[in-house]
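Residue numbering begins at 1 within each chain, and the chains themselves are lettered A, B, C and D in the order written.
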Amino acid sequence: MSFCFNDANVAKIEALKKRYPSAQALSLPCLWMVQYQEGYISLDAIDVIAEVTDTPAMEIYRVATFYTMFHLEPTTQKRVLVCKTLSCKLCGSDAVLEQLKKHDVLVEHVECLGSCGTAPVMQIDDVNYENLTPTKVDAIVEGLR
Amino acid sequence: MSSNIKVVTRHGNSLKDKLYLPAIYDGVKVTFKHLFDNVTDMNAIDTLEYPEEQPTDITSRYRGLHRLTHRADDTIACVACFMCATACPSNCIFIEAVDREDGVDEKMPKSFFIDTLECVFCGYCVEACPCDAIRMDTGIFSLTGNSREDFVMGKEQLLSHKGAFGEEVSCART
Amino acid sequence: MREVAIVSRKFAVENSHTLSVAQAHGAYKTLEKLHTLAPLEIIEIIKESGLRGKGGGGAPAGAKWALMPQESERPSFVVINCDESEPGTFKDRQIITKDPHLLIEGILITCYAVKAKHAYVYIRGEYAQYQDVLQGAVDEAYVAGILGEVDVTLHRGAGAYICGEKSALLESLEGKRGHPRLKPKQPEPEWYFGNPTLVNNVETIASVPFIMEHGAAAYRAYGTEKSPGTLLFAMSGHVEKPGVYEAEFGVSMMDYINHYGGGMKNGKKLKAVIPGGASTGVMTAAEADNVQLDYESLRSMGLSLGTGGMIVMDEDTCMVSVLKNLLEFYHEESCGQCTPCREGTGWVDKLVGKILDKRGSSEDIDKLLEVAETMNGKTICVFAPAVSAVIVSFLSRFRDEFEAAL
Amino acid sequence: MSEMIEIIVDDKTYRAEEGSLLIDLLIREEIKVPYFCYHESLGADGNCRMCMVEIAGQKRPQIACDTLVKSGMEVNSKSTKIEKVHTDILELELINHPVDCPTCDQAGECSLQDLYMDYGLHDAKVTIVDKVKHDKKVDLGSNVMLDQERCVLCARCTRFTDKITHTHELGIIGRGDEAKVSTMPGRKLDNPYAMNVVDLCPVGALTSKDFRFHQRVWFLQSAESICHGCAKGCNIYIDHNKMKYQDDVIYRFRPRRNDAVNGFYICDEGRLSYKELETNRLESMLYDGVVVDEHEAIAQYKSLLTQYQGRVSVVIDANLYSEEIEAIVAYAERIGAKVFAPLECYNDPSFADDMLKSAQRAANYGAIVKMGLETNMPSDAGLIINFNHPTHFNAEAEIHFSTHKQESNALLLPMAAFSENSGSLINEVGLEQWCEKAVEKNSPAPTVLSWLEKVEG
């Protein structure tokens, strides 16, 4: 199985190339595109990105493993990011986590999501769900189906 | 006086000391006392009637024949680090190392020989071992053989020796 | 308390992120005036205003702008740091969602002053939904012809706290791992693919239009002598109404918490406050009673103002578990480049974990301080020194709690 | 070239080029400074934080690898304060290290061990038991084994594949204390210089599959020599040892620094060429496939020489030492033989690259050219006396001084290989270099010079 950027992404890459002094700068945007297109970042995709960005594939792989938001393994479950950092912890992220364990989702315990004022918070598909309570968690996760 | 003759001054503080004869008498007295005791009671002799009689006073600190210890899982404890061979003053330990494939460790001896004819039983190898893999606690003090080769102990033989004082497995490698 | 709205003036306006609403409320007015001034004159105004970087360090912005070459063979760039990852900090997100055009206006002024034609906004990966709002505003500005001569590109990070450090951010923007760079030997601009680059925080740039419009003196009318102007202070944790509220430097911390935050949650007693984001250390309730929110006051206590994102903790909070929580954060986020940070953050995390599990000994507390000492001042960036300061601040103020946990 | 200035290190004055790296000065002047990540050929990376020194006027200790020498700079490299810094950072390097020196092949030449002896020597303060775990046995390919737990993440190996070979196989992946060196999943380290990462690695993370476990390094003796793989003349150490009751054996070749020739590196093919010196060696004198003693061999030699008087050609291998070549040429003159040193067979363009590998695969190529010897193939030869030249010649009769066994009915006389003899070589650009004698075999084959004495005696 080999990877190809879809047409929309190919157009995006062409547009982005004009906006950076070097193609290497496209590695993060490309990794994002791959992740949205495929759900995860495969080694094939890394090779394609390496070609697009004119950068060694290893460099792209190093980058992909550095940033925690990139996933190198596919999953069929819904990823739920729960913030575990201080403000959320003080405001009850442990209860949120306990509640989430009862659902069939892939819970990722992540560091600060930048919603300290509306803690506790979780993020699903780039959307923050704030001021959570266990009841709210149930409603939100049920709503995903 | 001839220059070849050296005058030795008598030692001692008193005349009795300077005479020497009383001291000689004291010494001879001890000798004859033992002679007399031994002749009258054969059991008082400290000599062992070996091999009919075997020693009973071998302690755990006695440096007997070497052995290679096992880990708790019964595999060899030695990792072929060559520390014993390096420390050995008589260069009588011969090791060949090899990749260990059983997943227990990375490295083990493919062959491990101690030439006990060259060995001076100093125990440096035991001191040097970082893995408590070689010991001299077998209590074996007597080695016999028909050829020189019989005294070159291989890995299997060294592994087969049992410890004589209870501590069977390597303390360092569990 | 004097109400002030320099950056937050359009926050309450509905749909302020759209160009029409923003313009109706005065957005982009300064652009007409902009070209009547020379770039160097603008830098002078910024210098006079005493504007300080609001990303945590508080370095004077004007001096940084002045490092940018006015004549350069290579193109200059402006990079806006919106990698807001410091726990307790969530102010830049308010700007990019509630008044993105203020930021764009600030960018245009900055680019003019430092002769840059392209600005990048580096947004943390977790802010995708807020990035969309800002991207919408940028698109509108392109359509309206506000952007075009100057380009603005949004660049999304992907979950690395260290990319908030300016040189790590640039590495990341170059498409590499976010490793901070070795520091230059003399003052010089940052470099993006070898091109001179200015890196500023979102709020710093968003403060620029006000200064342009009303002059340096108007900005200096707020705040203190050394910390002029305002900051989007924020609070979270055990307060009734957590959130972001703009206030001038120098206000009393307790006044701020009581006035905007509605006091402590459930009427509990205050125990401790982390003054400006996780890395700024911790203070006791007694210290919080007397402290003013400006860089110098906090510096004198051995703490720092950081981004002004306060984390408020009530009497029921266990300080050992708070420190453990923070150290887990640092352990997770260390980039792993320098030995003291890579190994030290893990060790202190595990040590505090040991104390929290009641397996610790008094030696472990001393060891914590010793490791903290080793982590201080021996690394490329200030991540490890910040961790070190956090440990020291916790142990110097709440040592009894740690000892009780043994 | 920049101005030479004076700086003070530990109260002594040194001269250095302004703006050069302080650590280079410290290394050059042999002032003890601990470091892992710095390497003269890879430059500063500043990640290990070990090379800290105190600089007058600076509040904090500074890393010497990122400090430029300035006139009047005062450096202190051994105060109690700075020694504590070294000790403390070294301790951090060790907290997640498995400390498995007994099984580690780097033991004896490991920077961590050496620095622990210099700066550590304390009991472990680490009480945490859950060290970070990684893979301990990764076969990277190209004879390189990786132990991720022993790695100090100095990034020398990754910088080598990035900056020197530009092949980018290695990288540090992950971050924080989970960071580790790796290749991309399913891919291998694959370049002709790959094994240099083993030398570069300051600790036991990268070891040579070819060498590891064969010998402990403290038993080895090193001789300074030159690689015979091609005409580049890369400087090497021949690491060899004679174990009790055994023969003297070469265990490995290591590159030896020479900035004028090979810098810090050698190619893998050259590095592994030591194996040829240990295998398939001609050990006895043979005539017509039958073992003969020295007396018979010399008698046979002389009778062949008499029989083909006037129709004798001498052929010389371009890997022989200059001294040997000169002696052979002089001998040929005495017996009235023509001298040939055909070079055609050494030419292998497929071997060449723009780093260290030369298409001329003969170590003393330069000497043959310099002496102006006939490089054509010998023609109309009755008898060919071949001094280890690899080509098979058609002649009525042949006498072959050879290091290695071969299928031949000729008079085969074993001779010492370059590692068993000393002499000088001239490389392809005319640089003359000396090779030490390394190996003393239990029953050594005669050298060319002693053979000449024997056959003329």
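Heads up, the rule we're going with is that contacts are C-beta pairs under 8 Å (C-beta built on N, C-alpha and C of every residue); 3 or more make two chains touch, one makes a residue touch a chain.
Just so it is clear, the model here is predicted, and its values are computed rather than measured.
Counting C-beta pairs in contact, the chain pair with the highest total is A-C. Think of the whole protein's Cα atoms as having one middle point; the chain whose own Cα middle lies nearest to it is D. Of all chains, the one whose mean C-alpha position sits at the greatest distance from that of chain D is C.
In this assembly, the C-alpha centroid of chain A lies 68 Å from the C-alpha centroid of chain B. Per-chain CA centroids place chain C at a distance of 53 Å from chain D. Averaged C-alpha coordinates give centres for chain A and chain D that are 48 Å from one another. Taking each chain's centre as the average of its CA atoms, chain B and chain D sit 44 Å apart.
In chain B, there is no position where the chain touches two or more neighbouring chains simultaneously.
Under the contact definition stated at the top, the residues of chain D that touch 2 or more other chains are 172, 174-175.
Among all residues of chain A, those that touch two or more other chains are 59, 62, 66. Applying the touch definition to all chain combinations yields A-C, A-D, B-D, C-D.
Against chain D, in their complex, chain A makes its touches with residues 43, 46, 56-59, 61-62, 65-66. The touching residues of chain D, counted against chain A in their complex, run 162, 168-175, 183-186.
Across the complex, chain D meets chain B through its residues 100-103, 107, 136-137, 213-214, 216, 218-219, 243-244. Per the touch definition, chain B reaches chain D in the complex via residues 79-83, 86, 91, 94, 97-99, 105-107, 130-131. Listed in rising order, the residues of chain A touching chain C in the complex are 16, 19-22, 24-29, 31-32, 53, 55, 59, 62-63, 66-70, 81, 84-87, 89-91, 110-119, 123, 126-128.
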